[in-house]
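Some structures to go through are shown next.
Both complexes shown next keep subunit A, but they swap its partner, so subunit B is in the first and subunit C is in the second.
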Partner chain A sequence: MNDNRLLIRALRGPLTLIVVGGLFAIDHAGIYRFGQTWPVLVILIGCLTLLERSGNQTAGGAQ
Partner chain B sequence: MEPTGNLQVAYCRICGKSLAPEEQHPALGTIYCAEHVPAPAPPPPADSPWITPATAPPPNPNTSGVSPGLAFILGLIPGVGAIYNAQYAKGLIHVLVFGLLLSMANSDSVGDLQFLFGMLAPAWVFYMAFEAYHTARRRELGQPVEEFSSILSQQSAGGVPVGPILLIGMGVVFLLNNLGVLRLSVIFKFWPLALIGLGVHMLYQRTQERSQSSNENVSGGIHHER
Partner chain C sequence: MKRHSLVGPLLMIGIGALFLLRNFVPDFRVFEAVAKYWPWLLIGWGFLRVIEVLNWHRQGLLTANGRPGGSGMTGGEWTLVVMVCVFGSIIHMSRSADFFPNDRIRIAGWDLVGESFDFGLTAKKTGAGKTPRVVIENSYGDVRISGVDTEDVSATGTKTIRAVGRSDAERDDKSTPFEIVQTGDQVIVRTNLDRISSSRRVRANLELTVPKGATIETRGKTGDFDIENVNGAVEVNSDNAGVRLNNIGGPIRVDLRRSDIVRVMNAKAEVEIKGRGQDVELENIAGAAAVNGQYSGDIKFRNLAKPLRFESNITNLRVERVDGEMEMVLGKLMARRISGPVQLTAKSKDVEFSDFTGTIEIELEKGDIDLRPGRLPLSKIQARTKAGRAELVLPAGAKLDLRGQTKRGNIENDFGSPFRVNEDGRASAVTGVIPGGPEVQLDVDRGEIRIRKAGADAPPAPPAPPVVPKTPLEITKQ
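Moving on, here comes the complex of A and B:
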């Protein structure tokens, strides 16, 4: 098991929560609606998956 | 917890205990603690129905309690089939895709393609049902199931991670649309370009495959899983 994968896996939950919280904070501040900013979450998930996979490849690929 | 310099902490899926790197037991695409890791450990008592089925030994598969039929029926409800199979992240993605298809079918920005998305949404419902059925079938037979099995192949074509890139691209497109920078209707005017791009990509891959197999006869074929 690679260190990078574990790190990213450990960060995934907290980061998602932080971003969701941030988006709702922006919504409540009246800058952008959450209905406008939700794709940020999709981008975040994509980035994390990409990072996790690249960490996987440098380690030789367990899966 | 003592400070360890780097953040290699993971949590057991079953009990939520935080685990130092040396006591993590990766299995089935997630991490378990020593007493909940499914494969080697004996099944934990009673109230955790999720991990016993996935690793039930092949000789007596019927004791696992996973029902593919039930998985199929639950799979008709977006995301629930995957949840039944204890694949929570996949369930979330299933719901997201379903919701996206519905909103696309409903929005004016896609123009003529509304009909296409309207047809894709019910097709996606049946995909989810059958996907849940096959996953449950594999669990019933005691085969290990990865968290993201069969959504997108883990070994993506040519080492390029298609799934994440697709996610990021979609996110960027929708974000630009929502912020009014670049409207979806503008993008969808050029949708046939996607077909052309796909064709070019396939062409490129085939030629790569061919030059590879001519260079090294043995390993050329197994590079792409098609």
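Moving on, here comes the complex of A and C:
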């Protein structure tokens, strides 16, 4: 298992948490409502998963 | 190798600090701080984990499963995060008053969405007669009514519709026609706002002129009512309203579920107010007044010619007449120039009556009683508090049969003879008679009693007690 891949996987949870908190903070500040901004979360998780896979491939693609 | 996260202990330290702060900084409101700033808890938590993960990575401690490593967040942590989100959102909603439907703050929040379109409203009904019964049905918006010398009912106003586009707004405008219809001697003014779904916010602000002799009945959900110069009866019903009535000839009935202010001035007949809210002001009322409900703001009564009845779940008050003023603010009841018989029972109130006449009956669970009868002759007084101080300031030349007793506490007699203090263990009693006066009884379970002499011969001026300086009440609130 590649080191980078492990790192990105471990960071996925905390980063999601930060973004969830950020979206709620934006909601409470009255700028955009959480109901409008939630797709950002889906995009974020998608990006992180993609990064994790590409990290795996650069390591030789062996699995 | 097992590594534990720092988040758990830090969370505990944070919660402890928050409550400690509340205990030492009285103005700090934990609930409101949590409602506003809880998302930052998630952000901080996330950053902490990022730092931890990077640290583990540097030390080569990341493993494919188990801790440290894995996904960086355990299932248990995610459960906690979801709980924080749910509770945080609930607290936030309840603080921003979104909780209560039909609240004005909610309408303010809606102003952020869509665009608002204004439509002018005018309507007139001629020949309504000199004394019509006018019914106003406007669910959302403010209504102003004034009586003038006319036989017509006429209205102007603005309807504001919040919608995504003008065509939507126009469709909504058409489906909520503004109308004045007459059946017999009843004239109905209707905005029909209930016909469109409440998800598109509408509001109609109206100004009406009606014949002076009209009888008014209003029905609304949110919005203020200002009514003046009407000689008939006035009845106001609303879920949430500020009500201001001035110069009304007939009986007044106000029935509200919530209100920021109810003010009635210059009413020639009886006034009845029911509901819950903040401020209540009654001034120059010629008929009997009854106020019933829970009010958290200032309650002021001024110049009431007939008996006043005030009932809430903690206070029950009857006053024969208020020549001067009476004010109730958070745990305090102050009155100047009132006439008895006065009957008061309350759970927790500090009571201060000055310059009063007539019999007084006070019964408190907790609170101080301050009595300064300014005028002679005295009438019967019966004052009792279970916990608190009782003070009686007697004017020169007062005649009375005094009986004061406290089960636990001291008695201070600054008046001197003929009153005598007897101490019996922790209890004390003061008795004495200046012949020719009524019975005055002070009963305290726990607390002291003070008998004082008012300063020389200036009854209307407030006496100068050494402890708390008293100033006359000021009615300055708008």
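Observations
Here, the second predicted complex is superposed on the first by the 62 of 63 C-alpha atoms of A that agree within 3 Å, B and C clash if a C-alpha of one lies under 4 Å from a C-alpha of the other, contacts with A are read in each partner's own complex, and residues count from 1 in each chain.
By definition in this document, a contact is a pair of C-beta atoms (placed from the backbone, for glycine too) under 8 Å apart; a residue touches a chain by one contact, two chains touch by 3 or more.
Treat the numbers as computed from the prediction; the structure is a model and nothing was measured.
Look at A:L15: by the touch rule set out above, it reaches subunit C but stays clear of subunit B. In the superposition on chain A, contact of A:A25 is made with subunit C only, not with subunit B. In the overlay built on the shared chain, the residue A:C47 is in contact with subunit B alone; subunit C does not reach it. Contacts of A:L7 after superposition: both subunit B and subunit C are touched. Comparing which residues of subunit A touch subunit B with which touch subunit C, the overlap comprises 1, 3, 6-7, 9-11. Residues 6-11, 21, 24, 26, 31, 96, 146, 154, 159, 161, 163-175, 178-179 of subunit B are the ones that touch subunit A when the two sit in their complex.
Residues of subunit C that touch subunit A in their complex: 36, 38-50, 53-54, 56-57, 62-64, 68-73, 77-78, 81, 85, 88-89, 92, 112. Looking at the complex, you find that subunit A touches subunit B at residues 1, 3, 6-7, 9-11, 32, 35-47, 49-50, 53-54, 57, 63. By the touch rule above, subunit A contacts subunit C in their complex via residues 1, 3, 6-7, 9-25, 27-28, 30.
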